[in-house]
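First chain written, first letter: the chains are A, B, C and D, and each begins at residue 1.
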Amino acid sequence: MTDLQQVLDEIALDAAMAADRGVVAQYIPELAKVDPRQFGIAVALPDGQVVCAGDAETAFSIQSVSKVFTLSMALGKYGDSLWSRVGREPSGDPFNSIVQLEQEKGRPRNPFINAGAIAIADLVLSGHQPREAIGEIVRFIRHLADDDSIRIDERVARSETEHGDRNASLAHFMRSFGRFSHQVDHVLGVYFHQCAIAMTCHQLARAGLFLASQGQNPLTGTQVVPPQRARRINAIMLMCGHYDGSGEFAYRVGLPGKSGVGGGILAIAPGKASIAVWSPGLDTVGNSKLGTAALEQLAKRMEWSVFGA
Amino acid sequence: MTDLQQVLDEIALDAAMAADRGVVAQYIPELAKVDPRQFGIAVALPDGQVVCAGDAETAFSIQSVSKVFTLSMALGKYGDSLWSRVGREPSGDPFNSIVQLEQEKGRPRNPFINAGAIAIADLVLSGHQPREAIGEIVRFIRHLADDDSIRIDERVARSETEHGDRNASLAHFMRSFGRFSHQVDHVLGVYFHQCAIAMTCHQLARAGLFLASQGQNPLTGTQVVPPQRARRINAIMLMCGHYDGSGEFAYRVGLPGKSGVGGGILAIAPGKASIAVWSPGLDTVGNSKLGTAALEQLAKRMEWSVFGA
Amino acid sequence: MTDLQQVLDEIALDAAMAADRGVVAQYIPELAKVDPRQFGIAVALPDGQVVCAGDAETAFSIQSVSKVFTLSMALGKYGDSLWSRVGREPSGDPFNSIVQLEQEKGRPRNPFINAGAIAIADLVLSGHQPREAIGEIVRFIRHLADDDSIRIDERVARSETEHGDRNASLAHFMRSFGRFSHQVDHVLGVYFHQCAIAMTCHQLARAGLFLASQGQNPLTGTQVVPPQRARRINAIMLMCGHYDGSGEFAYRVGLPGKSGVGGGILAIAPGKASIAVWSPGLDTVGNSKLGTAALEQLAKRMEWSVFGA
Amino acid sequence: MTDLQQVLDEIALDAAMAADRGVVAQYIPELAKVDPRQFGIAVALPDGQVVCAGDAETAFSIQSVSKVFTLSMALGKYGDSLWSRVGREPSGDPFNSIVQLEQEKGRPRNPFINAGAIAIADLVLSGHQPREAIGEIVRFIRHLADDDSIRIDERVARSETEHGDRNASLAHFMRSFGRFSHQVDHVLGVYFHQCAIAMTCHQLARAGLFLASQGQNPLTGTQVVPPQRARRINAIMLMCGHYDGSGEFAYRVGLPGKSGVGGGILAIAPGKASIAVWSPGLDTVGNSKLGTAALEQLAKRMEWSVFGA
C-alpha cells in the first residue's frame, strides 16, 4: 500500500500548508477551543489494514458522524418501520431549520439533520434509561472499531446540554405532534452524549468499514447489517450527509459521507475503503473545509468516485 | 448477453402484469392521452450493444430527461461559469415551487428543477433565435444517439405552450432579478420544444451512453465531455434527478437517473450501462412508477448500485 | 341603558338558538371538557356601569386574552424598549407557527402570537421568581376589574404545563437566539398561569375599561397607561388580536379585540365601551364563533365600528 | 378652518426641513427621476371643503393607491362573491412575495398586495378590452374627484410594462391555478395603467371622501358604495394598506390608509376627513417616509385616531 500511503502523506502536507482553514464551530465553548491547525486522515481497507497520515491518532468530537452509527443501530431494532418516523429525502435547508419540520407535521426529512437524529435517539432509547442507551451506543461503536478505549468526552456532553436550546426546541416541537415515546430531557441526554463521543481518525475509519464491505466488519467477522442495508445507508449518506452542502460534496468528492461540526468526516468508497478525515475548521455550510478538500483529492487520485473512474 | 436479456424480459413481464401503474400526467392534454399500459426498457452497454424488452421502440415525450442533454451542452459552452446562474443542491420541494427561488434571489437550486432548466435554456440560446437553439439541441441528441430520425412532437410543444403559465411565471420571476439574457417567450420556446422531443427507449439509452463511459460516446468515438464532467453530471443526476423523490430513488435504485413526466427515466451505471426505461404512469412525486420499480429490480439483479455490490 | 340591555338580550337569545356553535378547543383536556352551550356577554361603559346578558357571571379560562394585560404591564416596566424584543406586525400565519420566528431571528412578530406573549412573560419576570410574577399579574388584573375574587384555575395551569410542548419549543427556540433572560421553565410557568386565569364576562369587561377610556380606569380613578399607550394597545389588538383571523374580525366587527382559545373575546369601542363576550366553540382559525357573531351584531346595532358609523 | 390650515402649514414646514427624506423608488426609471424634495398634503372635509399645504397641486403617480378605487369598482360589480378570488388578511410578507400565493393555491391574501390587485384587475376587465376597462377606471376616479382633468401618465405606464417581470410572474402564477378569466397581457395592461394615473393631493383627497362619509360623495351627492361597504374598505385599508408596515402605520397613525410607491398615501378619518399626502422618499418597507410622519402628526393634533381621542 505504499502508493496510498504516499497519496495520504501528500494530502496531509497540502493540508498543513493551507492558508484558509475555515472557522472552528463556535456554538458550544468546548468545540470552539479546539486548535484549528490540526489535520488527520485514515483509510481502512477491506482486508483490515489502516493507512494514516497527519493527526490520525488524535481524538476529536465526532458529533454528527455518530448519526451513521445510531441509524444503523435503530434500523437493526426497528427495520423499515423506522421510516414512518423519519424520511430519507435531502432537506434543502440549513441543518437546524424548523420550517420543514412544521410543513411535514413533525416528521424530519432524514435521519442526518438534527431533528431526524433526535427522532432516532428516541427510538434507540426504546423504554430504557438514557444511561443504558448511551452505554449501548458506545459499546456498538467500540465493537465496530474493535477498540474498547473509545469514550465520551463528558465536558463536551455538558457543554452541549448547556447550549442545547435549539435541539430542545426541535425535540419539544416533534413531541407536540405526538411523535415521541420518551421525555425530551431523556432523548436529548442520549443525543448530546452520542455527539460527544471522541474518536481518532484511525478508530473512525475502522468503525465505518462495514459500510464499505457489504455490511460485514472484516475486523471481527460480524455481519453488522445485511448488504442491502449497507447500500441504503450509503445512499442516505450521499444524499443527506452534508446538510445543505450534500450536493456540493457529491459533485466534488463523489462518495457517500457524513460530516460533523467537530470537523470530522466519514466517507465510504463501496468495496474499496472506509475513510476518516478530520480538520476542525468548517466552511459556511458547516462541513470541514480541509477535510472536504482532502477527500476530493483522495477520491480523484485513487479513482474512487462512485460516479465513474 | 443472454443473462441481461433474460433479466429485462422478466422485468418487462412483471411490468405487464402490474396492477397499480400510477397515473398518467394530466397537466397537458397531449400527455394525458397516452396509453398507461405501455412499458419499455433498453440497456446500452459500453461496447455499443443495446439490449431491449417491451415497448422499447415506441417513441415517447422525453420531457425533463432532456435537461441532462441541455446541461451537457451548456457546460460545453460556458464551463463552470454556468454555476453562477444555477446551483447544484437538491431542492427539497415540489418541482414547480417558487418558494426557494425567492429565498435565493432568482438562482434555481439545480439545473433539473424547472426553473433551473429554464435558466439553462436561456444560456443555450446565447444570442441566437429560438429556432436555431432548438435545432442545435436536436442535432446534439441525434449525434449522441447516432440516429437522425429523432424529432420534436409539435403537438406536445404546442400543448406545453398553451398550458405553460407556471413556467412563464418562473421565467418572469427569474428575469425580475436581472438573471435573464433573452425574452421570456424565446426562452420558453426553447424549453417547451426540448421537452417535446420524442425518443424511444432504444434511442435514449444510446444517447446517455457517454455518461456511463467517462464522457466518451462509444458509438461515434466522440469525447462528448471530459471524464470529470461526466462524473459530475452523474452526481447531479443522483442528487437532483427525481425532484423531491431523489432520496427515494437513490435509496431504492442506487443509480444516477433523470425522470420526465412523460414517464421516461434515463439511468446511468457508471462504467457498466446506460439504461432507458419508460412507462407513462407516475407516482405522487411525478416519477414513473413502473420505471422506478424496473430500475430497482435491474440494479439489484445486475449488482449495478453505485453504493456497493 | 334599556336600549343596550335589549340589544344584549336579543344577541344572547340568538346565541342560545344557534345551530353551529363551533368546536371547543381540544389541545388541553381541561378546556375540552367545557360545555359548548354556554354564552355570556357584558358591556362596561365609561361611567362604570356594566350591562350583561346570558352567562355573564360564569367564570371561564381567559387564555390569550391575558396577553393584553401582560403587554400593558410590560409596557409600564420597559416602555418602548420592549419593542426590541417583539414586533407589532400581523403574522399572517397560524398562531403557533415557528416559521416566521426563524426568519426573523427569534423576534416574534407581535405580542399576541404565542411566541410574542412568551417573550413578554420573560420581561414580566424581570429577575423574580415565577411565583412572584404570577402574583403580580393576578393583582394587576384584580385591580383593573376592582374585584379581588379573580383566581387562577390550577387544574387548567397543570393541564397547560403537561401539554405545553409546542410552547416549550417556541421558548427554547427564542432562547437559542440569546433573547431570553430567564430559564425556559420559569418563563413557561408564568405564561401557563396567566393563561389559566379564570374570569367572568362581567369581570373581563370591567378589566378592559381603561382601554376604552384613554388609559384611565373609571372604576378606581387610576391612570393605568397614558392615553397614547391605550390607543396603541388598541391598534395592536385590531391588527393582531385574532391570529390569522384578524383581518376577518376587523372586516366584520370593526373593533380592536383579543380572543382566547377558551372562547372569550375582549373588544374595545374607544370612548364608548369595553365588551367581553364568551362562548366556548371556536371557528377554524381558533376564535369564538358565537362571540364574533355577537360582536358583529352589537357593533352594527350600536354603530360602534371604528371605521365609520 | 384656520386651525386645520395652521396645522397643515406647520406639518409642511417640518417636512420641508426634514433631513432624512427616505429613498425614491428605483424599480422603474420614470419614478426614480422624481425630485425627493417635494411634499404636499390636502385634507377634504365632509362638507366638501379642501384645505391644502405644500405641493398639494403637483400631480404624482398614485401607483398602489389606485387599488382602493379598483377594489371599490370591483365590489360594485361583483359584491361579496369577489372574496372567493382574494382574501382580506394581512400578508405578513414583503409586497411582492410569491410564497404565500403558492401556499394558498393562487388566492392572494388581500386586494392591496400586488397579486391581489392584479386579481382585481382581472375582475374589472370582465370580458372587455383593456382600453375600455382603463377608461372605466379613469372615469370612475374623475367622477369621485369631480375633476375631468385627471389623466394617465403614459411614460410611467410604458416604464411599468417594460419592468413588469415580477408582476407578470405573479399573473402567470395565479393563472396556472385556473384563477384568471383573461389573458395575462390584458390584465397587466389594465394594472399598469391604473398605477400610472397621475393625481394631485387635492384631487386625491377629494376622490377618497366617500370613504369618510358613509359611502356618499358629498361633492356630487352620489352614494358611491353602501355605508357598510365603506366601513369594510376602511377596515381592509387599515389591516393591509401599508404592506408589511401596516401594523406600524396603525400603531403610529391610527387611521385606515393606502400607500403607493410613488410616495402618495390616502388616509381616512371616518366621519371627519379624507387626507392625501405625498412625498416621494420611501422607508425600507416602501411607504412614504415624510408622508407617514405627517399623518402621525396630523392624527395626533386633530385627535383623529380611530383608537381613541
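To be clear about the criterion, a contact is a pair of C-beta atoms (placed from the backbone, for glycine too) under 8 Å apart; a residue touches a chain by one contact, two chains touch by 3 or more.
Just so we're clear, the structure is a prediction, and the values are computed from it rather than from any experiment.
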Check your understanding: Same or different for chain C and chain D, where same means more than half of the interface numbers show up on both copies?
Key -> same
Review point. In terms of CA centroid distance, which chain is the most far removed from chain D?
Key: A
Practice item. Round to the nearest whole Å and give the separation of the Cα centres of chain C and chain D. Key: 32
Point to revise | Length of the line joining the C-alpha centres of chain B and chain C, rounded to whole Å | key: 55
Check your understanding: Centre to centre, by mean C-alpha position, how many angstrom separate chain A and chain C?
Key -> 47
Review point. Where in chain B do residues touch two or more other chains at once?
Key: none
Review point. Which chain pairs here would you call touching?
Key: A-B, A-C, B-D, C-D
**Study point:** In the complex, chain B residues that touch chain D
**Key:** 97-99, 102, 165-166, 168-173, 175-176, 184
Practice item. Please give the residue numbers of chain B that touch chain A in the complex, ascending. Key: 87-93, 100, 109-110, 211-212, 214, 227, 230-232, 234-236, 238-240, 244-248, 250-251, 254, 256, 270-271, 300, 305-309
